[in-house]
Amino acid sequence: MADNGIGTSKQEISTLITQSNLECKNLYDYLKTRPSNILERLYNHPAICLAVYRELPELARQYVIRILFVEQPVPQAVVASWGSQAHSREHNYVTKVLTELNVWTEGSLPGGLLGWILSHTFKRNLKIALLGGGKSWSMSSALEPDKNVRDINFLDTYSSERWECVLHYMVGSQQQEGISADAVRILLHAGLMKRDEDDGSPVITRQGFQFLLLDRHAQLSFSTLGKDYSTEGMSQGLLIFLQHLREFGLVYQRKRKAGRFYPTRLALNITNTQSKSTVLLEEDTPKGYIVVETNYRVYAYTDSNLQVALIALFTELMYRFPNLVVGVITRDSIRQALRGGITADQIIGYLKQHAHPQMLTSESKQPLPPTVVDQIKLWELERNRLVYHEGVLYSQFLSQADFNVLREYAQSNGVLIWCNKEKRTLVVNKNAHDDVRKFWKKYSKGS
Amino acid sequence: MNNIELPIEKDPEISSSDETSLLVIILDTNPGQKLLRDNPNAITQVVDSVVAFGNTHLMQKAQNKLAIMTCHSRTSQFIYPGSKAALDVRQIDGQYEAFTLVEKTVKQNLSSILSSEHSGVITESLLAGAIAMALCYIARIQRTKATGLKLNCRILVVTGSGDSASQYMNYMNVFFTAQKQNIVIDVCSLDQHLSLLQQGCDITNGLYLKVPQVSALLQYLLWVFLPEPPIREKLVLPPPVKVDYRAACFCHRELIDIGYVCSVCLSIFCKFSPICTTCHTVFKIPGPLAVKAKKKKMKM
Amino acid sequence: MNDDEDPKEYRWETGYEKTWEAIKEDDEGFLEASVADIILRAKRKRQAQKQGSQKLGMMRHLYLILDCSESMSSQDLKPTRMICTLKILEGFIEEFFDQNPISQMGIILMQNKRADKLSELAGNFRKHIKYLKSLSKTNLIGEPSLQNGLDLAISSLKLLPSHASREILVIMGSLTTCDPGDICTTVTKLKQEGIRCSIIGLAAEVRVYLLYQQVEPPPAAVALESSLIKMGFPHQMNTEGTEEPLTMCMCHVDSTEEGSKLTTGGYYCPQCFSKYCELPVECRACGLTLVSAPHLARSYHHLFPAANYVEVAMANSAENCYGCQKNFTDEDKNVYRCPKCKKIFCIDCDIFIHDILHSCPGCATDLATFQIMQN
């Protein structure tokens, strides 16, 4: 991740990461807003092409592969004939995605037919990533074997220590090891924490919590765990970025000037964009540790202070044993968490993600008791009794018939927010205002 | 994994394509097959295509898994991931390291197999056995995977050999096992029509393709066999061929239309014989009535 | 009635099995490993008991006699005995035809002192399941009559050719039967005809799970007359390039149900070329039994089971399991060797191979041993 050498600034990379992770703004949403020349520049790197390719919808990936080795534009009609009739809607959608991302462009064929052709840079670099050729980009080639080789276990412990340290800081649990001012700044910058208005001390924000609760998998960096990579040829900016990563335990470097680094599992996994389906096949996936019972009790088999602190964010702790804490989910504890900006879905997601394997194997196939899930959601709904919609008020209709016509129009388009028959007033969605007004003009002219 | 979902009303099948998938490729490298006897160098091109195809499978999703087996003249074994510790592979060019690893491992293991076996005797490729090994491997992966994870498994057989009825029993056993375990068997034939393996595709809902030109193998593989079974219905792929479900008789290993079946053990024979060679039952001679009936029908 | 197990003594008289003594704690005080070990061992033991190459009554003809009397509405099995039984029977029927592909089954209901045939002997499991499903709404009334049920089954079973194995499976909810005559005469008749009869009682003891024991073909209990049966293996007609004509299949030719449409595809009898839409079936025109070859093949593993493996001590006999490629560690104290090909397997593969696969991967990849049938 550190060494993708995009040439973009550190900020850009980090926004890319945070956006794709946190605001449910994924890589696709981010990339499609970029102008085509920037995309073209990004596609100059096999790693980026690979990453973009993996983010494409499944059907789009098949299309790209089919024309990867074709040099001329392929007639659009031919491409359309690849998908079956029943799924033409999906076909149109992926065509749009591929165009928006500048993965393919329209080209004309002799005879005036329109065809699709893959972006030259994208095609070349995807082929390089797949089949070889071109220049190496992960900086592992020039390296001699390291005298102080670090094995995967070491890296795992190292990274989890560093990482937990940061997380502890964020959760605000008592026994924190100091983390550097730089790291705090990054957290603030990324919007994961904010300065408390009263005493200026950083507190966790909603994004921060979401960040903590995300599970951290998938690979954007395309480096391999347990290998060392050279820092040679990295720009000053990247080196600083690397140090930040080191701070977070994302990479391991023996000394600041060691000249080589190992990405840790965290780094390889952090840039995942969706939390589902990320349980990896390997046996090394962390085991879940939380048992939730229908009586709202939460049993967490853990000795990690961080995990306890996390659970304490939304439960009332009752007992604490060396390897087990028992808490109970109450209305107050949940409301406390909700007030902190954490959403019910996040809490449920966290409990689900870390559910004890025993809960997963139970007959109901649901990791959490449905009653508890529903109740947490209800508690959240309780707080949201008022819903705000921006709207435009229509009033002073001359006749009930006029009112009825407009109300029916708004209703059938699903933009009606509120109406009152007696007072002949109605409120429509603000976005639909123009539309409704146009309709009204047409209608009143016609009658 | 897929970020770019359909914006409106997510279909369930779209989310179900978000699963991990394991592909086991069985590559027939037996030098006895006609394709390689005619042109021994064709193996390089076939191996290259298969490796590139395997890497394309890995490229689809970060969590996809791949295993490659070889079925050789005397042994069948896994060449990726091999039984030995993974090679230490450094990136040498623009290729993604994990892909380089596949290529290097396959080539190293394959060359050691090729060099260790040089017998001039032509033997048949024991593909059914290789599929059996692949099924055991898949069963293990399914056992050890994390709870709650959905893993789709399929097997792709790439072969230039013919299928011989001598492996009939093993073939049927592996096909039915695959069917029970929801494992799809795809078959890509390089040379001849394979009627038994075709039955396997039909039983397990896999695809069968006889490649018209071996030189374009990679393109055929990518077009037909890259899509995962859940997405196949969304693409226009070669229609299923009508499968010839004839049986092989136990006595001469020939495919027959009409045969005699032992009522005790269901062994199939092409001619009437008084004693079942499988279970040693003595049969009663069929009455003259049956013979008559047969003759009458034959005229029709 | 030659019930399977004619117990010499009651279960409680066989002496107490001290099952818990077999469970031992492992080094860390956990029981799981030990329990898992016992389960695996039990599986292996069961496999070892299966003997290879014995005569099996493959073409089984089974009548399922189902009690539909008032006692079936009792709620001791949840939600009711009837619903519970139907559910399990569905699974049974599917599994039965899976394991006994060219067998036939029929269903008889006992209700209100009478016996009615729900479905005739037939080889299509979907039809049976459809009938069963329709049962869930029947009224459960009156008393059952075991004798009437058995007589009805005998009357159609005795018409069958002598090489077929004949069986009856009775599922009784009631403890009593209301018979018109002496049931002992019926029992002697059963014996005379060589019909194997098993009864599962729901009232006294929950033994529904015994059903699955019925799935495996029983060793041919009665000396059956054996014969070679002529069978056809129809294939789908395909002439290159030509559209198949729309034709009517023989199985639907005189049915008025909606399924009787003209279709293009189908299976053609290799002898007289009449068309059928489903297999297995007996050709109506020429009487040839038509089966699809894989149908037969499904049951071959009963005839040629993979050889049982021998347990050997680990002692570095191999680095990894030949089947699943698992690397052996210190935890694998015992490994399993195929007596034919001498390859080494782990316990999980051993069980997988003998329970599901039925072909030894070692033998199947070895030119010397791959042909299962060479004895």
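Note that the chains are named A, B and C in the order they appear, and that numbering of residues resets to 1 at the start of each chain.
Here, a residue touches a chain if its C-beta (ideal position, glycine included) is under 8 Å from a C-beta of that chain, and two chains touch if they have at least 3 such contacts.
On a predicted model such as this, the values are computed, not experimentally measured, just so you know.
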Mutual neighbours - chains that touch subunit A and subunit C alike: B
Chain pair with more C-beta contacts, B-C versus A-B: B-C
Centre-most chain, if every chain is reduced to its averaged C-alpha atoms: B
Between subunit C and subunit A, distance of the C-alpha-averaged centres to the nearest whole Å: 51
Cα-centroid distance, subunit A relative to subunit B, in whole angstrom: 39
Separation of subunit B from subunit C, taking each centre as the mean of its C-alpha atoms, in whole Å: 28
In the complex with subunit B, residue positions of subunit C that touch it: 53, 55-59, 102, 163-164, 220, 224-236, 238, 265, 270-273, 286-289, 291-294, 296-301, 303-304, 319-327, 348-349, 352-353, 356-361, 363-367, 370-373
Touching residues (chain side subunit B, partner subunit C) in the complex: 71, 74-76, 78, 83, 123-124, 126, 128-130, 132-133, 135-137, 139-140, 143, 166-170, 172-177, 180-181, 199, 203, 242-248, 250, 256-269, 272-273, 276, 278-279, 281-284, 286, 290, 293-294, 297-298, 300
Parts of subunit B lying in touch with subunit A, wherever the complex brings them together: 1-7, 14, 17-20, 52, 55-56, 59-63, 65, 90-100, 103, 141, 144-149, 151, 218-219, 222-223, 226-228, 231, 233-236
Parts of subunit A lying in touch with subunit B, wherever the complex brings them together: 20, 26-28, 46-47, 50, 53-62, 65-66, 68-69, 81-84, 86-87, 89-90, 93, 97, 125, 128-141, 143, 218-219, 222-224, 227, 273-274, 276-281, 283, 285, 357, 360-361, 367
